[in-house]
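Worksheet for the structure shown next.
When the chains are written out, they are named A, B and C in that same order, and each has its own residue count from 1.
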Amino acid sequence: MKRKVKFDYARWIFVLPALLVVGILLVYPIFSSLYYSMTTKHLIKASYDFIGLENYKAVLSDSNFYKAFLTSILWTVGSLLGQLFIGFTAALAINRVKIGKGIYRTLMIIPWAFPSIVIALSWKWILNGVSGFLPNILVQLGISSELPQFLSDSSLVFLTLIFINVWFGAPMIMVNVLSALQTIPQDQYEAAQIDGASKFQQFWHITVPHIKVVVGLLVVLRTIWVFNNFDIIYLLTGGGPANATTTVPVYAYNMGWGTKLLGRSSAVTVLLLAFLLLVCLVYFTIIGKWEKEDK
Amino acid sequence: MRRKLAVLLVGTMIGSAMLAGCGQNGNTESKQTAAETGELKGDITFWHSFTQGPRLEVIQETADQFMKDNPDVNITIETFSWGDFYTKWTTGLASGNVPDMSTALPGHVVEMMDAEALVPLDDLIDDIGRDKFSKTALSEGEKDGTCYSLPLYSHAQVMWYRKDLLDAAGLEVPKTWDEFADAAKTLTKDGVYGCSFPCGSNDLMGTRFLNFYVRSGGGSLLTDDLKADLTSDLALDGIRYWLDIYENCSPKDSVNYAVLDQATLFYQGKTAFDFNSGFQIGGVETNSPDLVDQIDCAPLPKINADDPEYGAETSNIPMVVWENSEHPEICKEFIKKLYEKDTYIKFLEATPVGMLPSITGISDTPEYKENETVQKFSNAVDVITKTMDMGTAIGFEKGPSVQAGLLTSQGIIESMFQDIITNGTDVEKAAQTAEDKLNEVFSTVQ
Amino acid sequence: MTNQKEKIGNGLCHVYLIILSVIAFFPLVWVLLCSVKSSGELTANPTRFLPKHFTLENFTHVIQDLGFAGNISNSLIIAISTTCIAIVVSSMAAYGIVRFFPKLGSIMSKVLVATYMFPPILLAIPYSMVMAKLGFVNTRVGLVIVYLSFSVPYAVWMLVGFFKTVPLGIEEAARVDGANKLQTFVRIVLPLVMPGIVATAIYTFINAWNEFLYSLILINSTDKMTVSVALKSLQGSEILNWGDMMAASALVVVPSVIFFMFIQNKIAGGMTDGAVK
């Protein structure tokens, strides 16, 4: 039927608006960033020169960049493992209990509703090193002898940030895993029970295969989100103390708005993008395989 | 089901209609310029950093009055905190979205001049009376003999203390840094900290405190050829001095403090000493009214008791007019209005003692003197005024320079302190690293 | 025996879930409690739960003096507009990809996911320049356009999966009845994927409502600021008033939480359902 029409305008009308949005709003900025990354572009000065790959050289020879990169990886992996573990176990637990399912789910979904600035303000206040609830209660209960400095003690700050990110991100994992769990036909478990499979075997052979594609996609989306996330760290610690929590986006921000070397800052973000593309390529290959196995 | 879609579409339309409306009244810039007759006509935008309270109101009232007197003029006022303001104007310059006029910080002005973003204001300064301004204050916004900014108000950093706490411990007001450290250590008890040492990397507090010490020894954080100098014996002593204060008298959280976190502790009576300008009074008044009678200030401590008097950090808060402005003449007229005696005194009174006059012929008028706070804190006014005349903005003792601005805006010295405190890095090594990093940043502006 | 084990297991689950729930909702409770305490009390009794003197002065200050209600309405206008436009544009595109460009479709979806990867920081400066060129600097329209750039690809990606579930046979039947492509789309297909559209709309709304970086950089006027930026600027105002900040936070977060509680069944699985199917 389609072949009869020589050129079908109608079908283009459907996709055109989206193509325009993506084209104008993503392609142009990305090419301009690519271009700036090869110039001496300064945030507040008009003139700049083309310098080829000098900015990349400068970035790749800066030890602070590698430190930020490592911090980013730790921050992403740590947050993701935490979010997956908590989200997953919470979903399994809710799926198992018979009473209070709805209440638990409703309470646990709350962090998801927090915009990043409110996450930052509320936790900063709870953890405040002088008048915060948590440090003071820990001292009153005799658990700590002096006020713990969750956001400024270098041995605590990174874990604190990961904890907050897990607190924020786990509900999303939980909700998605829970809905995937509910699509698993109950009779498969019953059949397995009759065959004498243990709980763990049931989990491994029935539950996991059913939800692994969902979890895989969640991992991809969350990896991208956490890796690119700027707000939470910027608002909670600004990358400090002593750059202990400076991730690549924070490093790029400081480069662009602090030092005002916009060219070099663009080079950092281009590298960040290249890395993410690579990671996602790997992810998608794995998920693609899983999907084929399913079929 | 169709109804749902209809709702969706109508929603979209309403949404876009609302937006279109907003867009129209958003950025309408009238293209008219002042007629030859001298009548002012046009819209200007004024960004300032007086985010709350009486200062904001006085500026707004003045603008309203100005618009009444000049019916064809429209002044839009936007306020940003100092931190956001820096992000705003730097991004704004990149995209051509800056105001017509604004307040600024001396360190910013040098960068603005360097980016050729400002309009010369010599005619305005002459109009108000060049001899009324302090020469140093004007020189902070001067490039190649042209002035690009003028000071709106001034203040200086001095040492603030709690009289009741000192009395209770039988201590004198410290005159040297050693006495200060001893007193601060003695007063650190019962939930009160002797003195907080702030070094959050989003603010310049660490640089400010280090600069006090270095200036007290007659040194500077910049060399004569405008390189960073953190490795002189004096600077290293200064770093060690503040580390000692941090270890013994400061809340540990202060490693992340910015100016407000620091000041708030004093406002709430949680610190015995602090370094600040006369703004301290207003803060204590709002937070802990009972403590207002218990605070006073004194000159900054010295290294040896017989060292000469000195001033470390004076801030002359400047006003600038932006090159992008289509109506610099309106901006200048409006600024002139702010300096008219009545308006100016009313403005200063919004934060008495906190903001001191930048022009002569104000402080000795009866209107200025009759303010209650000014009378009550006459000692503070004297101390701050005296210190003010001796100091400069951080790094400006070597003349206004972009380097001086970068010294405070990059958080490098703060990161150095954080590095020593949290990672136990050797002081000399950390100072060397920070010095190199600053010099590297300096090299990007040449 | 197994029953005993089952019971213990269930009990442990409850304990675990109760602990998690408390951690999850404690910050909300604390924000609410602190928002009705005076600032003196906040610092004097850091661990006291209930306020000694209940006060609404933080709220009146935030709403009346700081005009926070205006910021909330800005955020609402911007988020709703973004959502509506994004949903119309994206559902058309998703349908178009599924129905008319089946081969190109899988490539397009990959490209769309790739756009989700662009670090927002990378785009901030180019966006502010594009907006300046279009004359949309410092306007809510400009912000909506920017938000579309990341909501449309994400929404299309989610919706493609949902549209794939619509059997071709239904459409062909409609086509035989004389309906054109648009009519088929509106009358037949859309109703079938409505649950997916609702889920996508909610995600788009949440992302736009929570956005921070672009609104920080692109909006200069106090009266156009979104709540996120207005809240941020409270932190930098001249007096650090945690009572105000908690009250403002409560004003933002309570409606969000209520909204989430109502829609939680709709978003369940929405994020990945479409993509998986």
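Heads up, the rule we're going with is that contacts are C-beta pairs under 8 Å (C-beta built on N, C-alpha and C of every residue); 3 or more make two chains touch, one makes a residue touch a chain.
Just so you know, these numbers come straight off a predicted model, no measurement behind them.
Asker: If you walk touching chains, what's the least steps from chain A to chain C?
Answerer: Counted as steps through touching chains, the separation is 1.
Asker: Which chain pair racks up the highest number of C-beta contacts?
Answerer: So the pair of chains linked by the most contacts is A-C.
Asker: Based only on mean CA positions, could you tell me how far chain A sits from chain C in angstrom?
Answerer: Between these chains, centre-to-centre, one finds 15 Å.
Asker: Round to the nearest whole Å and give the separation of the Cα centres of chain B and chain C.
Answerer: A distance of 37 Å separates the two centres.
Asker: Send over the residues of chain B in touch with two or more other chains.
Answerer: Each of 87, 91, 94, 270 in chain B touches at least two other chains.
Asker: Could you check chain C for residues that touch two or more other chains and list them?
Answerer: Answer for chain C, listing residues that touch two or more other chains: 43, 124-125, 129, 232, 235.
Asker: Which residues belonging to chain A are in contact with no fewer than two other chains?
Answerer: Expected reply: 43, 128, 130, 262.
Asker: Across the complex, what residues on chain A touch chain C?
Answerer: Touch residues, chain A against chain C: 2, 8, 10-15, 17-19, 21-22, 24-26, 28-30, 32-33, 36, 43, 86, 89-90, 93-94, 96-98, 100, 103-118, 121-123, 125-126, 128, 130-133, 135-137, 140, 167, 171-172, 175-176, 178-180, 213-214, 217-218, 220-221, 224, 228, 230-231, 235, 248-249, 252-253, 256, 262, 265-266, 269-270, 272-273, 276-277, 280, 284.
Asker: Contact residues on chain B for chain C in the complex?
Answerer: For this pair, the touching residues of chain B are 1-2, 4-5, 8-9, 11-12, 15-16, 18-20, 22-23, 26-27, 47, 50-53, 76, 78-84, 87-88, 91-92, 94-97, 99, 260-261, 263-264, 267-268, 270, 283, 286-288.
Asker: What does chain C use to touch chain B in their complex?
Answerer: These residues of chain C touch chain B: 39-40, 43, 65, 77, 80-81, 84-85, 87-88, 124-125, 128-129, 131-132, 135-141, 144, 186-187, 190-191, 194, 216-217, 220-222, 224, 232-233, 235-240.
Asker: Inside the complex, what are the residues of chain A that reach chain B?
Answerer: Interface residues on the chain A side: 42-46, 128-130, 146-147, 149, 151-154, 237-244, 257-262.
Asker: For chain C, which residues count as touching chain A in their complex?
Answerer: 9-10, 13-14, 16-17, 20-21, 23-28, 30-31, 34, 42-43, 46-47, 89-90, 92-93, 95-97, 99-101, 110-127, 129-130, 145-146, 148-149, 152-153, 156, 180-182, 185, 209-210, 212-213, 227-229, 231-232, 235, 242, 245-246, 249, 252-253, 256-257, 259-261, 264, 267-269, 271-273, 275-276
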